[in-house]
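Labels run A, B, C, D and E following the written order; every chain starts at residue 1.
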Amino acid sequence: MEPIIKIIKSASLATIVDKLKGRYPRLYAPVKKQELVELEVINGFNDIAQDYLLTTQSVKKLAFPRVEKILDYTLQKGNIQQQSPDTSNFPETVLFGIRPCDASGFRSLTAIFNGDKPDEFYKSRYEKLIIISFACNKADAYCFCTSVGGNPGNTEGSDIQFTPVDNDEMLVEILTEKGKAVADLFSDLLSDCDKPVDKQAYLANVPVVFDVNKVIDNTTKSFNNEMLWINQSLRCIGCGACAFVCPTCACFDIQDEQNMKQGARLRLWDSCGFSLFTLHTSGHNPRHIQSHRWRQRLMHKFSYMPEQLKVVGCEGCGRCSRACPVDMNIKEHLLQIAEL
Amino acid sequence: MENQEFEPKIVAFVCNWCTYAGADLTGTSRIKYGANVKIIRFPCTGRIDFMLLMKAFENGADGIIISGCHPNDCHYSTGNFHARRRWVVFRNLLNFSGIDTERIQFSWVSAAEGFKWADVVNNTIEKVRALGPYENYKKINVPTLFAKEDNNE
Amino acid sequence: MARVGVFVCHCGENISATVDCEKVAKESGDLNSVVFSTDYKYMCSDPGQTLIKEAIKEHKLDRVVVAACSPRMHEPTFRKACSEAGMNPYLCEMANIREHCSWVHPKSEETTAKAGDLVRTIVEKVKKNKPLQAIKVPITKTAIVIGGGVAGIQSALDIANCGHKVIMVEKQPSIGGHMSQLSETFPTLDCSQCILTPRMVEVAQHPNITLYTYAEIESVDGFIGNFKVKIRRKSKSLDENLCTGCGLCTTKCPKKKIPNEFERGLGNRTAIYVPFPQAVPNKPVIDRENCNYYQKGTCKVCEKVCPVQAIRFDQEDQIIEVEAGALVVCTGFDVLKPNFFPEYGYGKYKDVIDGLQFERLASASGPTKGEIRRPSDGEIPKKIVFIACAGSRDPAKGIEYCSKICCMYTAKHAMLYKHKVHDGTPYVFYMDIRAGGKMYEEFVRRAIVEDDTKYIRGRVSTVFERNGKLIVRGADTLMGAQPVEIEADMVVLASAGVSNPDSEELAQRLHVSYDAYKFFAEAHPKLKPVETNTAGIFLAGACQAPKDIPESVAAASGAAVKVAALFSNSELTREPVVAEVNRQAPPVFSTCTGCFLCEKVCPYQAIEREEIKDRNGNVIKTLARINKGLCQGCGTCVALCRVKAIDLHGFSNQQMYSEVMALLNF
Amino acid sequence: MSDILINKVKQLLSDKAIDIFIGHGEGTGGRIRPIFVRTPEDAEQLIFNENCKQSWANYLLKPEVKAAGKIGMMATKHALRAMMQLASEFQIKDNEVLALYWDNNELKSSADFKEIEAYLASQNHDILPHEQEMIDKLNAMTTQERWDFWQKEYEKCIKCYACRSACPMCYCHHCAAEGNQPQWIPVASHQLGNMDWHLMRAMHLSGRCINCGACAKVCPMHIPLNLLTYNLITPIQQEFGAIAGMKHDATYALSTFKTEDKENFIL
Amino acid sequence: MENKNIYEPYMMRIAKITDEAPFVKTFRLEFVNPQDAENFSFHTGQFGEYSVYGEGESTFCIASPHTRKGYIECTFRQAGRVTGELASLEVGDSMGFRGPYGNIFPVEEWKGKNLLFIAGGIALPPMRSVIWTCLDTRENFKDVTILYGAKSVNDLVYKHELKEWEERPDVKLVTTVDPGGETPEWKGEVGFVPTVLDNMKPNPENTIAIVCGPPVMIKFTFPVLEKAGFKDEQIYTTLENRMKCGLGKCGRCNVGKVFVCKDGPVFSRTQLKELPDEY
């Protein structure tokens, strides 16, 4: 649908939040928690963090939770009963105030989960998401969305996007039908945009660092460049922080838990950085050293996904680099690859 | 009122050579104690993995008894000394993590102390009964796994 | 799932009086994997066992749970029955619903429910049981006896007479130990040497005994049945095969004023010497520290006079390696050193001596030919004060224990003195008289009544010299702590028996534990008095604690029987409840990280290091490995191992985990 | 300070005394990151300033780093303690790793355990005052308050295992958390799985933690994990007289015992 | 079926258990729900996720041929948590099966050719499916040769079927065990599979070689085939990597850009050569 452009007073945000909350109890927004900014269900506008760059974790957990039950069963003697969890009744959920790079991150997840044989759990959860993003008016040294095809005002994946502009006003872009339905809740607060607004002027400046196509070409070519991967990953300690905060990392593990009466099969986040990720029971490990696992991470995002799913598996949010215990700034590494 | 009805679940982790034998003697002497306590036999207190104690609470134990040979009486000469050190550390950790160490009773009960075993058991039952059911664990365990409603973030 | 059979025993009425056994059996039939369950009046009876055996066959059971009495009672019975039915015996477990349930709870629903819980717990455990095989360890049928005192001699002879080889290792040039130093022995007053020397000779001549004197244990490796022991044979500077023991060298040696250890310094010896005339072997050694040749480079008189050219000045210590199946440690004790008693003037006044010195004075072969004469001037003392508990039972001296033999030998000393010096007066200061033992109390009585020994109950505070007399000042607690002062000609201290100065080092070499006083520790003070916590190493005599001769001899025979019993089979069969460090295919090899924190935690030194090498012989990993021969299955290492690389057969992580889960869920 | 360090490392590398040097480098936006220097030229990137408090001892056992040859390391006090503790657990040998460290503004280098021990003995190893304050604050709470405090923290955990990866003492190649027979620690990062993991890790580090604080510093969810292990340092020191990482041949506090160990809590 | 949970397994019942070798068992599984049995079909080469309720899932190929309907078989070695639990199941017990996943052996393309099957150790199961498929339609193929090796006589799986193949006049079976693994009664070859293969002097003419075994065996077998004149397109193998979903989503089984679970597990050597060494 053609975006509808409106203007709203920043001061009305609180009212909007109240209205949204009244209609959608599951209203998620960034909340400041000491050093963290977490996406949580809020009770009112005052809960929302005032000044934040990004949430510490990505928003993927709302469609692809840390722990998802994918099968229920009972374990009575001679009578095992299994039941798939009901995916039809996931509640409608509003994500308010997330960033464009988060919203567009669902593109990768959707490509992975909904392609081929759709994953009902992801699909149903994602369908119930209403995404109201805020364009970025600031960025930090880790941000590089512009280098991977995004930008601080990217509307992809959002139902509605707010952009702070001058005079305590905000630009409102209503982008989808779903967004329109939501915007009807506060249509009285919206005013028409009488003159064109140069949205770009109000956005953060995120310089383009590298050419993503170069990265794609060069990663694909560099599979056997062992020294490249070793040098890049020598300081990698093999934790899963990058993958877990990443908005597009979708690798998962399946595990059972039980208490002898009943059990559940769970789908859990996993990370290709863990040495156990590919370890065979025999002890053989196809990716036996960290450099191979680092290679897998980059290859997956910048070679395999573009080729097979036609999406770059990276939004340039820089979360992985911020979370990295040893400051592996992915931007630098990609730049190095682009310049090969 | 509710607490009067409450029958705590208590697991006893005991060594084979002293406390298990001591508990056998309690039986042979027909000394009575509460049926809430169920014994798991280990070769030695040194074998008792702290993870098992954590698992006991997780799976609904309201109290735990750990008992072995008196110092210097260990069948394996030093297993109980090693166990004792671990308990010092483990108790400290549990306490620091907010896990109620009042619910864990450590004791030395020899093969000759049939009466003492009954006392330890009965006292522990009383103590745990007074503390009530261990709700903390029940709150975090059950909902995450087996609840029907959607608990995901 | 596994096919588990549950057998619930009524034990007559013992269980069924309070537990509804039928209900327990019926409900356990509903448990996962249980394919058969029943109850019976007496499971341990013949028909009961037959019931189990037939059920195993009929229902193709591969696991059995017997809910009955304590496994400490009947586990072997039922395991044997299962084994007879073709099942691996270690797949049978017992649920204790008698001692831990029916006998301690009243008849009630809860009691029956508890029995059900216990059965369920054991069912879950047994499902994780793995078939185990009893461990067989070959046995080298040679025993090493360390120490050639009376205990060692007894032990060696007993073992040798059972037809097994014995290697005796003695630190001194001669066997005989402290007993050879004694004059007469209580309570019979028979001559110590008269009864000992024939046995010493027997040791030397026994075809099954190899004797290494002047030798020490260098190292002990291996485990029960399979020890590898290195023995250091200190150089005697002598070719023993040539030496005839004529003694010419000892008479010609120019160094004649060396205090004789055997005489406790009351006599002298030469640099090349035989410690005492009845020594076995009766061949000299050169004391290099006192030998002119070794110290100054010239002399060699002994070499010159030796009719058979047996002297070897360039002889070096020799290390020999032997294999043995068992060790008997009989290293004996020492007497508390004199510097412990500044208040008693030991070392300051020549006439203050210790009990062993008195033995030498009283010995017919001693420096005074058995006459009681003062070391200072050779006069016959008219008044002797014996001080019992010199050091013993004295926390201030760090010795809290009773040395046990002093009461008896002090009474003996007083008697001997009185028998030899009829007009003499013996006084004994004592704390308590401990004379438990056959004819012991009567013996002490005799010293008091017949030999008129003056027993004064009290401690001596000080001994000092005044006008050529030794003034013994103490208190008589039976007279209201009245001060007592005795002018004595001689004072004899019943010094505490202590462990040998090198006992700690030896214990560490043997990997046996020792107590705070460095005496070796027995595996169990009552039921395993001659065993150590290291399988295959036994103890006898005063190396455990002060003991008198009969006790030492009894322990020595006890230890010998243990050795003989061990040697009665060519293989040792052990319960397979042992720990194991997991092994995996390369490149992992094991989850063990090689931190070896488990090494020190093992009470049995069963954890060894295994080096994994690549094709070129480079070590790529060092992993822990459990020596099955040494491991006793306590599992202390299992609980310590961070990565759970160690597991204990019979009480594995899976088994214990399942027990906890099963007990609490449902 | 950086210049002295750079010159020293240049010399070491050109003398072939070491093949690879692990040091501090300038990271994004003033962060400090580990850098690996293999040539004298690269040594120019090394820095050392008051912000360089990180220990890189967790790299000493990394296969790729070990494969580079003889390792040199800019070692903080904590890194040196980590080395000693690793040595006591037979993970590194004497003269295997060349440690550079500042002793009163003098750059010293040593691969000798005895020398390092002597230096460590002269240093203060107390945990920082604000950390102690936090521990005291927690200990002053009621048990229930502590439970609530930690549950809130555990809830945040995403089980990325950065704490484990950054810890110099978490070198097991197969962590117990990954053992699944039985599954001691639920793999899922739900509250229970998280609590199990953190308690187990704390227990495994008791008596081995060298209070470098890496676990808490690297936690992307800012969980004060170091408090769990720090809290055990004092009791272990008081009860058993053991401090981790001071001696290369120290006996692990839980591998040994004294007959007179505390037992006032045992009936 | 619209909202089908892709992770929900078919409920299966164990119909038969065969002990093959120490720690190796074969299960015959039948669908609990007859509807499932009817709707289910697979083709040789495919695999599935087998699950024990309460313990988890494990990946093995389907070891029975698609020419035999109504059941599937799997053979597994007891190694980890899931296979350990599987091994304790009994006839009549329930378990889960998710699948079939992956691609297939292009048996249709092989019609009229000679077939040379080369398998080692526990890798015979994936081969067994295709062997039986071919033997069940024996008339479609020319010579069929099977070379199978294991560590020791005891470790040979499908002993009864080996015997059956041995006795068939239209199959040439060569079995071998590693040196040291033979028993006094052993009548087969002694030596490693590649060596024995070399000695057999295989004729590449109009022949397809299907190789399956541990990575080391595969690595040493390819050169032998190459030496004998086999072209890359004449050689097929099937790969195994750690898998969780079987659907190309969980992200762990890829070899380069290729997901073993979706694009494999069957690869010709031509395809394999394009893949990086990540298996």
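Following the convention adopted for this analysis, a residue touches a chain if its C-beta (ideal position, glycine included) is under 8 Å from a C-beta of that chain, and two chains touch if they have at least 3 such contacts.
Note that this is a predicted model, so its numbers are computed, not measured.
Asker: Work out which chains are contact partners of both subunit A and subunit E.
Answerer: Touching subunit A as well as subunit E, we find C, D.
Asker: Would you mind checking which chain's C-alpha centre is most distant from the centre of subunit C?
Answerer: Between subunit C and every other chain, the largest centroid distance is to A.
Asker: Approximately how many whole Å separate the CA-defined centres of subunit B and subunit C?
Answerer: That pair's centroid distance is 36 Å.
Asker: Distance-wise, how many Å sit between the C-alpha centres of subunit D and subunit E, to the nearest whole number?
Answerer: Distance between chain centres: 47 Å.
Asker: Just give me the whole-number Å value for how far the CA centre of subunit A lies from that of subunit B.
Answerer: 45
Asker: In subunit C, what residues contact two or more other chains?
Answerer: Touching at least two other chains: 33, 588, 601, 640, 653, 657, 661, 665.
Asker: I need the residues of subunit D touching at least two other chains; which ones are they?
Answerer: 173, 181, 183-184, 188, 190, 254-256, 259
Asker: Quick check: what residues of subunit A touch more than one other chain, meaning two or more?
Answerer: Each of 66-67, 75, 253, 255, 257, 259-260, 282, 284 in subunit A touches at least two other chains.
Asker: Where on subunit A does subunit D make contact in their complex?
Answerer: 34-36, 38, 56-57, 66-67, 140-142, 230, 233-235, 237-241, 243-245, 253, 255, 257, 266, 268-269, 271, 274-276, 289-291, 321, 323, 325-329, 332
Asker: State the interface residues of subunit E toward subunit A in the complex, per the touch definition above.
Answerer: Its residues touching subunit A are 3-9, 11, 51-57, 79-80, 83, 92, 94, 96, 214-215, 240-242, 244-245, 247-257, 262, 276, 278-279.
Asker: Which stretch or stretches of subunit C touch subunit A in the complex?
Answerer: 30-34, 124, 584-588, 661-662, 665-666
Asker: Touching subunit C in the complex: which residues of subunit A?
Answerer: Where subunit A meets subunit C, its residues are 75, 77, 259-261, 282-284, 288.
Asker: Okay, in this complex, where on subunit C does subunit E touch?
Answerer: Touch residues, subunit C against subunit E: 1-3, 33, 127.
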